[in-house]
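First chain A sits with chain B, and in the next complex the same chain sits with chain C.
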Partner chain A sequence: MLRDLSVRCLFGCLTLLGLSIFGFALLAMLPGDFAEVVLINQMDGELPSAETLAKFKADEGFDEPLPVQYFAWLAATLRGNLGVSFTTGDPVTAELGLRMVATFRLVGLAFCLTVLMGGALGVIAALNRGSLLDRLVTVVAISGMSVPNFWQSLLFVLLFALVLGWAPSSGYGGFSHVILPATVIATASMGLTARFVRASLIEALSAPHVRTALAKGLSPRATLFSHALPAALPGILTLLGLQAARMFDGAIVVETIFAWPGLGRLFVDSILNRDYPVLQATILVVGATYILINLAVDCAAAALDPRMRRAV
Partner chain B sequence: MSLVAPRTAPTAVQPRRPTGLSALTVVALFAALVVAGPFAAPYDPAAADFFNRLAAPSFAHPLGTDQLGRDVLSRLLAGLWTTPVAAAAVVVIALATGSAVGLAAAVIGGPLDLVVMRLTEALLTIPALAVALAIAGVLGINLSTVVVSLAVVHSGEYARLVRNVAIAEASATHVLAAKALGASPLRIALRHILPGLTRPVLSVAAFSFSFAALSFAGLSFLGLGTPPGSAEWGAMIAEARSHMRAHPHLVLAPGLAIVATVLLANLVGDALGDRRARPSALLSPPVTRKDRL
Partner chain C sequence: MTIRPILLAAALAVAAPALAPAPAIADSAADNKTLVVGTMWESLPLNMRARRSRFFNESEILDTLIKLDYDMNLVPGLATSWERTGPETFEFTLREGVTFHDGTPFDAEAAKLSLERVIALLPYAAGLLNVASIEASDPQTLTITTNEPFAALPNQLTDAITGIYAASSFDENGDFVQPVGTGPFRFVDYAKQQQTVVERFDDYWGDAPAFEQVIYRHIPDHNARTIALETGEIDISINPLPADVVRLKESDFKVLAEPSAGLYYGSFNTADDRPTGDVRVRRALDRLIDRSLIVEGALDGVGMPARSFFSPAFDWVPEGAPETPLDPDGAAALLTEAGYEKVDGSWVKDGEPLTLRILSYSTRTEMPLITDALSALLAREGIETSVELFTFPGMMEFVRAGDYDISIVFWTPEMTGHPDLHLKSQFTTDATLNFQNWSNAQFDALVNKGRGLDRGAEWDETYAEALQIMADEAMVLPLVHKVYTAATAPDVQGFRVHPSGFFYDFKSVEKGAE
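Up next, the complex of A and B:
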C-alpha cells in the first residue's frame, strides 16, 4: 500500500514537472521575441532601441540558453514570484489569491450540487431500472449534457433575474449571486454523474456478494448501503475527480457571463488582453490544483478498494 | 425497487442489436443536412438589411431577422458548416492519432505503454478547454489552432480506450480459439479484434463530437473561435445577447440548433455504448496483461 502510494505521488510530481515545462514553453512558443514584448509593455508601448533591448535581455537573463532560463523561472515560481501583470502592473500572485477564493466558492457549490443531485438521480434510476422513472432520469441526464452552458446561463439570467427577479443577474456576492452560475456549471456534470452512478450501481448490484447478502436475509436497505454502494464507490470517486476538471472548463464561460471575478474570467481576460504572465500563472495554478485533486482521489479510491491498490 | 435483476439465460450468440444501424442512419441523415443545408438558405447569410432589423418571424423570414437585418434561418443553415464541421474535424484527427497511439501501446507494450498511459491520464485530468484555449491563445486564435488544440486534448481518450479494449480482446476466448486454429496475426487483428473495437470507439467518437461542438460554440461565444460576424451559432448568440429580453428568439433559435446537434450525438453515443460494458472498466484500473497481441 505504502509503496503504491509513493509511486502515485512520484507520478503526480512528474505530472507537475510536465505541467511546469508546458507553462514555461507556452511563453517560449510565443511568436516573436518574448523579451521585447515584456520591454514594450514596461515602456508603455514604446518601441525600444536595439541597445536598450540588448541590455534588458542581458540584465533579465533572456540571452541564457532555454534550460537555464527554465530553471531560473522555476526557482522564482516556487518562491511564489509569478511575474508582473501586463495590464495592471501588479504582482500576479496577489491577484491570483483573490480569484482562487471566488472560483473555489463557485466550483465548490457546483461540485456539491453535482454529487447530491447526480448521485441521487443515479441511485434512483439504478434501483428502478427499466421503469418509466429510469427512462425519465436518462432523458433528463442526457439533456443536461446537451445544453451549452453559455446558452443556459443567458436563459437563466433572462428567466430568474430579469423576469422573475429571484436572483441578481451578475456580480460577486452571497448565496443568491452564486446559485445561478453554480447550477449552470453543475448541470452538465450532473447528467454524466447520474448516468455513471446508475451503471456502476447496477454492476455492483449484480455481484454475487449482493445476492448472498440478500439470500442470508439482510434487508434491501442494509444490502444497498453496506454491500452495493461501497463496491461502486471507488469508480464513482474517480469519475468525480475527472468531473472537477471539467467544471473549471464550465467556470471559464460561466464566470465571464455572470461577471464572477474568478480564475476562469481572469483566464479569458488574460487571453484577450495578451497578458501572458497572468495566462501562464492561471494555467499553472489550475493544472496543479487538478493534479493534486486527482492524486487525492486515486489515494482515496485505493484506500476504499483493495483491488485498486495494485493497479498503479 | 428491486435490488437484483432477473437472471436471463446466457445465450451462446448475442443477437445483433439494431441500434447500430439506426444510429448510423441518423448520422447519415444529419451529415446530409450539414452538406446540403447551407444551399437551402433562402437569403445570403451575411446580407444586412438595415431597414428590416429585428423583424419578428414572418412568411418572408420564418425565424425573423437579427440586429443587422440578416435572415436568422439562413444564418442557422450557414452555421451548419462551422460548428458541426469543426467538431467532426476534431473527432477525425483525435480518433486517427489516438487510435494509432493506443494500438502501438497495446502491441509494443513495455515502456511505451507506460508512457502513453501516463501522458493520456494527464490529458484526462487537466481541464481540456483551458489547455486548448491556452495553446490557441498563444499560437493566435483562429479556426485551425482551436481545432488542433481540441483534437490533441481529445486524442488521449481514444488512445486509452483502444489500448484497453485491444488488450482485453487479445486475451478473449474467441481470439485464443482463432490462434489455436492457426490464424495469422493480421487476420486475428482485422477479423477478431477490430470488430470488438468499432462499437466502443464509435460511441466515444459520438460523445467527443458533442463535447467538441459545445467547446467550439462556447469559444466562439467568447469571441475566441470564429472571426467576428461569421454565421456561427455560438457567435450569433453572443451578438444577439443585448437584444435577448425584447427578442428572445434571436438567442433561442441558435441555442436550440446547438442543443439539437449535441443531443443527437449524445443519443447516438448512448445507443452505441455497450449496455453490458462495465463502467469501472472504462476508467481504471488498467487491464492486466496476460496475453500479448
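Up next, the complex of A and C:
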C-alpha cells in the first residue's frame, strides 16, 4: 500500500507541474499585452506610454521568450521563492498565507455543516421513506441546490445582519463573521449530500445482510449504524470529497460579497490584474488541495472497505 | 475498525480552524472619535505603485506641494506659492514649520529627496512629471526644471503620486517601506484585504481634525457596502450603486453627489474604410444621441449628460469651449449628404444598412449600461449596431487592430485640472495612445503651444480653438460626465465628495448630534 501511495504522490506532482504550465499558457493567451495590463492596473486604468512600457518590460524580464520566463519562474519556485505580487508589491507567500487560513476556515466550517446537516437530513429521509417528512427533506434539498449563491448571500445579509442584527454584514473575523458565508456555501452541497445519503442508505437497507441482521433480532438502530451505514459510507465519502473540492469555487462569489479575504477572490483578482506570480501560486495551492482531498478520500475508503485496499 | 472515532476525529480536524478566534474588527462606527469608511478599492499603504490607492488613502497621510480644491483650482499645499521663472523652470516657496510624522523637519532637501525617489521607483512617474532636475536652492525654495516648456507642472504636482515622503519612508537601498508624511493622519496599521488604520497627527500644520482615528474598510461588493452602512458598521460608503442611491435618499441617510472630471465617451475609428471615417456620419451621430435619456434610463439619473469633452462644471475649462446641440433634423441632413437614405425606418447606403461595430468593457459598473442604452438609442433612430463587451485590455486588442467603429471608454481627462494631459497623450498625431487613425496638424500645433502657456487670454484662445477642431471633426462622442457619489450615516457632518473622485478629506468631518 505504501508503494501505491508513493506512486499516487508522484502523479500528484506531475499534475501540479502540468497545472503550472497550463496557468502560464493561459495568461500568455489572454487578450492584451501582459506587461501593459499590469501597468494599466498600477496606473488606475490609464494606458502607459510606449517608453514606460519598454522600461517596465526590460526591468521585469518580460521581453524574454515565454519558455525562458516559465523556466525562470519554475527554478525560483523550486527554491521556495514565489516572487512578489504585481498588484500589492508584497511577497506572494504573504498574500497566500492569510488567504489560505481564511478560505480553509470558511470552507472547513461549510464542509462540517454539509456533513452534519446533509447527513442527518439524508438519514431521516431514508428511514421515513415515502412519508411527508421524506418529501419535505426533498423540497429543502432541491431548493438548497437551486438557489444561486450570490442571491442567497444578499438575502442572508439582509435578514441576519440588517433586520435581525445577529451577525455582521461583512468582514473578516471570528465565528459571527464566518457563520453566514459558510452557511451559504454549505446550502448547495447540503442538498446534494442529503439526496445522495438517502439513496445510498435506501439501497444499503435493502441488502440481504441487513435483512439477515434484522431477522436475527438486532435492533433497527444497531442495524443502521453497524450494518447499513458502513456499507453506504465509501460512496458517500467519495461524494463528500467531490463536494469539498467544489466548495472552493462556490467560495469565490461568497467571499466577494462578504469581503472575506479568501483564495477565491485572490484567484479572480489575479487573473484580472495579470498578477502572474500570485495566479501561479494560487493554482498550485488549489491544485494541491484537490489532489490531497482525493487522496484522503481514497485512503479513508480503503480503510473502511477492505475490497478497495488493492485499488489505492 | 469502528467508524465513529474516525469520523469524530475528522470532524474535529476540519472544524477546529473554523472555530478558532480570529482578530475581530472592532465595532468602531458607534464611537464618535473614530470614522469608518467603506471603500470599493483596497487601500494599499505599503505599496507605492498602485496609483489609485495613493489618491484616496494617502491624500490624508501625505501632502502634495500643491492641492486641488473642490472646484479643481490649484491651492497651496506644502508649497505656499509658486512662480514660473523661465520656460522650463518653476520656483516653489515651501511652507515653514512643517514636521513629518517621525519628527524630522520638512524642507527643500526633503521635498527633493521624496520626488526623486518617486520618479525612480514608479515606472510611470517620469513621463507624467516630465522633470529634468530638482534643486533645493535654499531650505524654503525648491526649483524644478522640466525637459521642455511645460506649464502644466503645478497641476501634475497635485497628482497623489507626488505626495511628499519623509526619508524614513525608505530603507537604506532606497526601497519604499511605509508612508511617513506630513498629513493630518499618521499611518498606524494595515491588515491585508481588510482595513487600513490611521491616527490623528497632533503636530499637523493645518487645522486639527476632529477624529482620533480613521479606518478604511475594504468591502468590494457594492450591495454589501451599502448594507454595512445601513447596519451601522461603517459611517461612509463610497460609490453606492445608483439604485441604492435612490433608496437611501428616501431614508435618513445622506447621499452626496459631485459632478466629476471623469467622462464616458465614444471614441470613433476615423479610418477611411469605416462608416465613421466620414466626418458627416460622426457629426450626425453626435447630434442624434439624446444623452439625458442615457443618464435617466441607464444610470437612474446619477450622471450629467455630456455635450462637450470637458465638463462645464469646472472653472479651468477654457472660455468659449464648444458644445454640440441635440439636433435630429441636422443629423438627418448630414446623413443624407453623406449618401444615406432612410428606407422603412433604417438608414441605408447602396442597399446596405448603416451598421456600427461598438466595443466596450464590462469591468466598470456603468459601462455595459451606457453601451446598451447607446445601442438602443441608435436602433430607435434607424442605425444598426453590433455590440461586444470585453475586459479593457481585451477590447484594446481590437481597437489597436482597427477592427471597430466606436469604442466606449472612460477617462478622467482632467484629473489634475489641466487640459494638456489628455489632449496630448490621446489625440495628437504621434501620441502613443491614439488608435483612432485621426490626425490634424493644426490641432497638434495648438496643443503643443498650449502646454507652454500660462493661464490667460492666449491660453483660453488656444485650447478653445483646439476643442473647436475636436467638435468640428467629431472624433469623439461625449456621452456622460460621471457623478461621484457617497452615502453617509445620518450623524456624519461636513463630508464632501471631491470632484477628482479619489481625494478624501476627513479633516473637517464630524460625527455626533445633528
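One rule holds for everything that comes next: the second predicted complex is superposed on the first by the 234 of 312 C-alpha atoms of A that agree within 3 Å, B and C clash if a C-alpha of one lies under 4 Å from a C-alpha of the other, contacts with A are read in each partner's own complex, and residues count from 1 in each chain.
Convention: a residue touches a chain if its C-beta (ideal position, glycine included) is under 8 Å from a C-beta of that chain, and two chains touch if they have at least 3 such contacts.
Keep in mind that this is a model prediction, so the values were computed, not measured.
Once the two complexes are overlaid on the shared chain, A:Pro208 sits clear of chain B and of chain C alike.
In the superposition on chain A, contact of A:Leu233 is made with chain C only, not with chain B. By the touch criterion stated above, A:Phe258 is placed in contact with chain C alone, chain B being left untouched.
Using the contact criterion defined above for the overlaid structures, shared-chain residue A:Leu158 touches chain B and also reaches chain C. After overlaying the two complexes on the shared chain, residue contacts for A:Ala245 are found with chain B alone; chain C is out of touch.
Contact with neither chain B nor chain C is seen for A:Gly217 once the two complexes are overlaid on the shared chain. Applying the stated contact rule after C-alpha superposition, one finds that A:Phe267 touches chain B and leaves chain C untouched. With both structures placed on the common chain, the touch criterion links A:Pro67 to neither chain B nor chain C. Comparing the two interfaces of chain A, the one with chain B and the one with chain C have residues 30-31, 154, 158, 162, 256, 272 in common.
Note for the complex: chain A touches chain B at residues 11, 14-15, 18-19, 26-27, 29-31, 127-129, 138, 142-143, 145-151, 154-155, 158, 162, 196, 199-200, 202-203, 205-206, 210-211, 214, 220, 223-224, 228, 234-235, 238-239, 241-242, 245-246, 248-249, 252-253, 256, 267-268, 271-272, 276, 279, 283, 286-287, 290-291, 294, 307-308, 310-311. Only residues 1-5, 118, 122, 124-131, 133-135, 137-141, 210, 214-215, 217-218, 221-224, 234, 237-238, 241, 244-245, 248, 251, 255, 258-259, 262-263, 266-267, 270, 278-280, 283-286 of chain B touch chain A when the two sit together in their complex. Those residues of chain C whose C-beta lies close enough to touch chain A in the complex are 1, 3, 6, 10-11, 14-15, 17-25, 44, 46-52, 55, 123-124, 126-127, 176, 191-194, 217-221, 223-225, 227-228, 230-231, 233, 363, 390-394, 396-397, 410-411, 425, 432-433. Chain A meets chain C in the complex at residues 30-33, 36-37, 39-52, 55-56, 59, 87-90, 94-95, 98-99, 101, 104-106, 108-109, 111-112, 115-116, 154, 157-158, 161-162, 165, 168-175, 177-178, 182, 229-230, 233, 256-259, 261, 265, 272, 274, 300, 303-304.
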